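By letter and in written order, the chains are A, B, C, D, E and F; residue numbering begins at 1 in each of them.
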Amino acid sequence: MVSLLKSVINNVLRKPETRCYPVERRAPFAGSRGHVEMDPSTCTFCGVCARKCPANALTVSKDPRSWTLEPYKCIVCGYCADICPKKSISMNPNHGLPGGI
Amino acid sequence: MPGSKSIIPFGPQHPVFPEPLQLRLVLEDEKVVEALPAIGYVHRGIEKLAEKKEYTQNIFLVERICGICSFMHALAYCQGIEMLMDVTVPDRARYLRVIWSELHRLHSHLLWLGLLADSFGFESLFMQSWRSREAVMDIMEATAGGRVIISTCIIGGVRRDISEELMAEVLKTVDVLERDLEIIRPVVFDDYSVKQRLVGTGRITSEQAYDLGSVGPVARACGIARDFRETGYAAYKEIKVTPVTETGGDAYARARVRIREMYQSIDIVRQAVRDIPAGDIAVPARGNPEGEVISRVEQPRGEVIYYIKGDGTKNLERLRVRTPTFANMAPLLTMLPGCELANVPVIVLSIDPCISCTER
Amino acid sequence: MSLMNTVAVSPDRLLQEVAGKYRQRYRFATMTCTDIGDGYDILYHFDKDYELCNLRLYLKKGEELPSISSIFFAALLVENEIKDLFSIPIRDLVIDYGGRFLLTEDAPVAPMGREGCSRAIDIRLQGAPEEEDK
Amino acid sequence: MHLYTFLSLLLIFGPLIFGLLVMLAPGWRYKTPVIVLSALTIMAGGILLALQGPFTLSIDSGLMKALPLIELLILAIIIYIGFAIKKMLIIGLGILQLAIGLISDMLPHSVQAHVPTLKVDLLAVIMVLIVSVIGPLIVMYAIGYMKRYEVHGPEQMRSTGLFFFFLIGFLGVMNGLVMSNDLKLLAIFWELTTLCSFMLIGHDKTEDAGESAYRALWINSLGGAALMLASFLSISASGSASLDELVAVGSLLPLALICLAAFTKSAQLPFQSWLLGAMVAPTPVSALLHSTTMVKAGVYLIIRLAPGLGGTRMGQVVAIAGAFTFALASAMAISQSNGKKVLAYSTIANLGLIIICAAIHTPLAYAAAILLTCFHAISKAMLFLCVGTIEQGIGSRDIEDMEGLMRKMPITTVIAIIGMVSMMMPPFGMLIGKWMALEAVIMSPLVLFLLIMGSALTVVFWSKWIGRIQTVAYHPVYKIEDVPFSMFATKGVLLLGIIAAAAVVVPLFKRVISPMAMAMFSETVVTSRSWDLMNSASAFIEWPLFFMLALVVPVLFLVVRGIKKSHIRQPFLCGENLEGAKTTFEFRTLMDKGESARIRSYYLNPLFGEAHLTAWANPIAIALIFIMFGVISK
Amino acid sequence: MNCREKSPWIVHFNCNSCNGCDIEFLACLTPIYDVERFGIVHVGNPKHADILVVSGAVNHRNVRVLKNVYEQMPSPKAVVALGACGATGGIMADCYNVLGGVNQVIPVDVLVPGCPPRPEAIMDGILQAARLLNVHQKDRHAGAEVRLTLQPVSEPEKV
Amino acid sequence: MIMIDPVITALLAIFAVPFIGAFLVGLDRKLTARMQSRIGPPLLQPIYDVIKLLHKEPIVVNRVQIIYAGLHLIFMVLCVVLLALGQDMLMALFILAFSTISLILGGMSVRSPYSRIGSQREIMQMLSYEPILILMLVGIYLINDSFMARDILASGKPLLLSLPLIFPAFLMVMAIKLQKSPFDFSTSHHGHQEIIKGITLEYSGPFLAILEITHWYEIFLLFFIITMFWATSIPVGLLIAAVCFFCEILLDNIMARLTWPWMLRFMWTVALGLAVTNVLWLYI
């Protein structure tokens, strides 16, 4: 009848499952898509990434050479990283940090 | 005479509904005599947006029709485009698609169970099932790089492979999950208080379920053996799936169907991991889609129907999605009248509603 | 490539055809409406044993579409949706949301039409200090 | 002539004369002062009598000779009515009573020089006070009420003169009833109350009213017949027609018959239907019937007879019957949305409670019975007057329609809330009575159980009702009510009465009721425990705490004052509050339309529905009455 | 002792979310993340809440709900917008029924990037908002209500 | 306790009890978390919550509801003080009922549908437990010949031995009062449900704090009553109370919330049956 009894008692006796997040951080999984990073040293500012970005989060211009990411628009799909001919874009596995306005 | 019945809004901002949806309830004491939904709180207009974006970008868009079974949305979409463009997906990709599909089904069903438990105030069960779900989320992130929206399906295959070691992890995860399910299953199947809340709640007959076009677990709980996986898309050709059915037609039967489906999914994952062939994971797709096609996939909540019409350009002419909750809405409307107010959330959640895909 | 099992139907024959589908134990799956310039291409999808069967109807702009919701109750949602998104008048809906199903009063009108939406709304934030407080 | 002779004559016959005067006075211009004067006179008479204290009065036998004639006259009227409305039942009952009366008149009377005809003991004094203080207030209230009633009511209701005649006359009859010690005299007054109530209930002359009046008549005639039979048996057994003698002799059959009569008059199950039907009458009538006259006659009689019942098995059955009524009537009240019907069921229940206390007959119970009688009279009278005002104000007596009453009639609403609170919360008397009752019945498990269930049920319908009317909207705009002075003032006086009663409950208990109980039980051996209880109950150590409560409430008001307008926000409607709505409870729903959210109170019809509860409660109640007679033979 | 920061109660409103952000928010309540450690309670109704967590972008119908929910919260209060949608509309920004991020309607204090953000990111965001509650004490307690008006704009620019 | 000056006892009851209650609430939350394999909030979390609430903007729907919140608290304090002074328990229970009625009326005084449904359900809860509480007192009376709390403390034999059936019935009442599963209908103190926060929905800020503080008193009160079942030895009584408290939390965690019609049925059959049987047995 009270089928959860055993596991509830077990829970009390065992250490809680909780990961104490800010204190105890788990290393991110390799290859996890946390946020976008771009290596300006290899980028040619060709603009492919900006054209293909599904969320229009990127703006690239050749003159003046600029590459801008709107972090709060980016949907971290990683498409830009896939598509960049120079492989200048990579996905950092750590999640992006919250910010104010 | 005015004031002879109670009228209340149930939602949109209501903690038992994770998504905004308003039910206008007419009550007598606490008995519901009439329930009409007012929706549109999450309508975005994705179908129109899909006509503006390139068909390759659309994968990421359709994944966000709903975050819960996002992978299956991408799958249905990609399969449709592949049909239009006559692309044959490599075998390994087909198996990987199955693995991720079933992982999605597992996480979706566990999530649903937690929400259902919340609707009848069983906090521990919510905690237990969401805790088990984290194992799936972890393996999803490890294999695909994302927890919820994994963005691995692309036209012509998948974006990522799962390595040998990760395959072992996947197996380990489903083992853990199976063990956890042994805790959860008796609670849903046999617990007195849970049965009190579920048995007989929101019952519809098999006839009604058929006529009203219900899909997924709602239909299968009425004994209608329909599971689109039977038709053998992706690797379901090799991995046979028999629909899980129950006959009660009530919230309890729906819960049983989903719990049993989780075992089935675990089985499918195991088979897929065992049988997966080596090889490419994607073939390049060139050109643009042209013509119209219907692509269907069995999602955790039932069958999704994609209608895709391309005109030979990068942009589609029409993308239309009929999601499972949309099909289950009509049965829901017939379940509500006559129930107790306390059972309204239970019934609504028993069809595992997803408003975001219903409204797109 | 085009759809299999598709039969064209005229608006006045529609209800008869649909009733026929009902008698053959078909289930209503959904409807798809596409604006093709001078009219609408409306598809009714029915399903039986995983087989889809479609009715294709061409509706001239401005014409009224009869509702099939009295035959297939389930169709009422999608018909209301089409009514909203394309501004197609649909008659005899069993529950008529009057064009306020998915869209609200400030939302664009007929957004799924070819021309896109005919009205847009911007929302402005005004942090006004406490004034008239009735 | 002694002062008290004069007073008792004034109180009994005065009202009849005043009534006649009112009836003859043409138009409201003359009627109003006459009514006010007569009401004040009766009131003054009652108070003076109370100050005089207990006395007895023998009326010379010559006068008493006329009694059978009067009785004959009354019965003839009843039979005539029976013919007039073509109801065989009435005729039959009338003839039955006539027969019993005639036979008992044949009996040889022993000389009863030492037996007083009128006996005004403390109990009677209290009853007289209730009748002649609260009664006149209701009469005065009726001035304003009937003025409006005449205007709004249908054509046939305009026999206001006659109405006042019966209304005022009723008080005299009731005074007579509580004072008389002679069974014959009692029976006459008894019949007269029946007759008065018949006339008053039927005042509207609608089909409904006629039907209800008829029901009241036959049920009460049934009781009348029982009373006649009792007096016949008593006279034939002991040769004395005195009530005292009846109690002293303690022969059970007459007692049981009188209990039956009291049950009919007090509308105990299964006789409740007449009182519910009586709700069709104008509200002052209901107020009168419920608080001071009519139904109180029944319980008065049982309290009177209590020494005869105490300790007997029949007494226990009576207590159980009372408890059963208490629990069931409370349950039935839950399913009612008609305000007057809720009040009616509550009356029935409370009378049941009083009957329990009377029948248990321990000092504590006795005291409780008297306390309850007093407090119930004041609170109920006021509640009826409030409902009458509300009914005229909003055109409905349905509780659901009283939503937002606080805005429309703030003063009446507050008074009504206090009235309802006084029915169940401290520091008001009803609660203390109930508390004492609970302590008193603790040795009879069944009664106790029913009492507990009944108390729990009582809370349900009162809180539902209070909850409904007290709601204030967001930024309410209060209206100034348009209520005639007479209706307003009488309620005010009653309100003061309630508060005063609550304040004086301790001295009242110590000075009056406790001695009464003591006097009543002086001959019997009183077990020590009961007296302990009396002491603990009378000590009321809790009073300082209530005093504290009284201190805190003003603080709360200060907090309330501190709330700014900007702090008042709309209620939660799942976020869909309609912007700019005049009312705050409107939400947007289908098609963006606004609709007001509303929640009816729960009436739990499947559980407490009147029809199906009655269907099984009445047979049980009838069975209990049979058992009551059955235990006599054992 | 700073009690405001130690007991932030949350009301969550799903505006236009695809459920991705929602479920990640709910995951924060579950044993692995357990935000109740910080005294966070998901109260589910604005009248009890300190922090409003919004997921998804704003559309024409839910804008009024969002506004009502915000207004019914007692000061001091803070708003956290989850995900790309909540901040700017994300991939949905160009949909015809999408008005944009939450800050178009109500003042937002913290934006959490991601689509969906991970539970850890959401926790970071909520804790940051909790710290802001003290700052807002002065700013918003004064009853300076945020009032919104919908103004039709002539040029149709959305898809 | 009775030996000390009544004024000191009363003051102690007024000022110390809420802290004990808060501690119990904190313990409850902590334990609940542990049963769900979580760490849970700090033990003093309830106090943080209340201080925070007291500093919030005092928003209301109308002014009347404040009065009822105040009455709710005052009656509850009164009840605790009465018991602490060893006074008449029947009176104390009546007062407890008024505390609840105040809460109900407060919930009904606003025209908010959920708050009203909560109130109606609270009425149903009262209807289902009030008879049992009174029967419990009757049982106590039959044993001790007195309704006085001090007499129970002074009497020689533990109540539990004479009221073995009423004790479980009381535990059911306690589950209702603590708003635990399978009950918890009117406020949804734990978890979400169809009526959101029910009766307390429209209270916020300081007024919600008042309700919370009242809850602390209430918890203490229930604890106190359980202890009285073994009043001859306070440590044993406390131990029993602690065990019961733990069981209540356990029950909350292993059961779904049911519906109030179920509660009414259950309480009026099982619990009432137990209580009545026990009382009848005492009569014999």
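The definition used in the following text is that a contact is a pair of C-beta atoms (placed from the backbone, for glycine too) under 8 Å apart; a residue touches a chain by one contact, two chains touch by 3 or more.
This structure is a prediction, so every number in the text was calculated from the model and none was measured.
S.K.: Chains in contact with chain C and with chain D: which ones?
M.R.: B, E
S.K.: Just curious, how far off is chain F from chain B if you go by their C-alpha centres, in Å?
M.R.: Between these chains, centre-to-centre, one finds 43 Å.
S.K.: Quick one: report the Å distance separating chain B from chain D, using the average Cα coordinate of each chain.
M.R.: 65
S.K.: Using mean C-alpha positions as chain centres, tell me how far chain E is from chain F in Å, no decimals.
M.R.: About 36 Å, centre to centre.
S.K.: Measuring centre to centre with CA averages, how many angstrom lie between chain D and chain E?
M.R.: Averaging C-alpha atoms per chain gives centres 60 Å apart.
S.K.: Could you list which residues of chain D touch at least two other chains?
M.R.: Residues 403, 566, 569-570, 572-576, 588, 590-591, 597-599, 602 of chain D touch two or more partner chains.
S.K.: In chain E, which residues are in touch with two or more of the other chains?
M.R.: 13, 31-32, 34, 37, 42-47, 59, 61, 65, 68-69, 72, 90-91, 94, 96-97, 103, 115, 118, 143, 145, 159
S.K.: Enumerate the residues of chain F that touch no fewer than two other chains.
M.R.: 33, 35-40, 57-59, 113-114, 117, 192, 196, 201-202, 253-255, in rising order.
S.K.: Building nodes from the protein chains and edges from chain pairs that touch, which of line, ring, star, complete or other describes the result?
M.R.: Basically it's none of the tidy shapes, so other.
S.K.: By the document's touch rule, what are all the touching chain pairs in this structure?
M.R.: So, checking each combination of chains, I get A-B, A-E, A-F, B-C, B-D, B-E, B-F, C-D, C-E, D-E, D-F, E-F as the touching pairs.
S.K.: What part of chain C is in contact with chain E in the complex they form?
M.R.: 102-104, 106-108, 111, 116-130
S.K.: Inside the complex, what are the residues of chain A that reach chain E?
M.R.: 16-22, 25, 34-35, 54-57, 70-77, 95-101
S.K.: Report the residues of chain E in contact with chain F in the complex, numbered from low to high.
M.R.: The contact residues of chain E facing chain F are 1, 3-4, 6-7, 9, 31, 34, 36-39, 42-45, 47-48, 50, 72, 74-76, 141, 143.
S.K.: Hey, which residues of chain D end up touching chain C in the complex?
M.R.: 475, 565-566, 590-592
S.K.: Provide the residue numbers of chain F that touch chain D in the complex, in ascending order.
M.R.: Within the complex, chain F contacts chain D at residues 57-64, 66-67, 70-71, 74-75, 78, 81-82, 87-88, 90-91, 94-95, 97-98, 101, 104-105, 107-117, 119-120, 123-124, 126-127, 130-131, 134-135, 138, 141-142, 145, 147-148, 196, 201-202, 264, 276, 279-280, 283.
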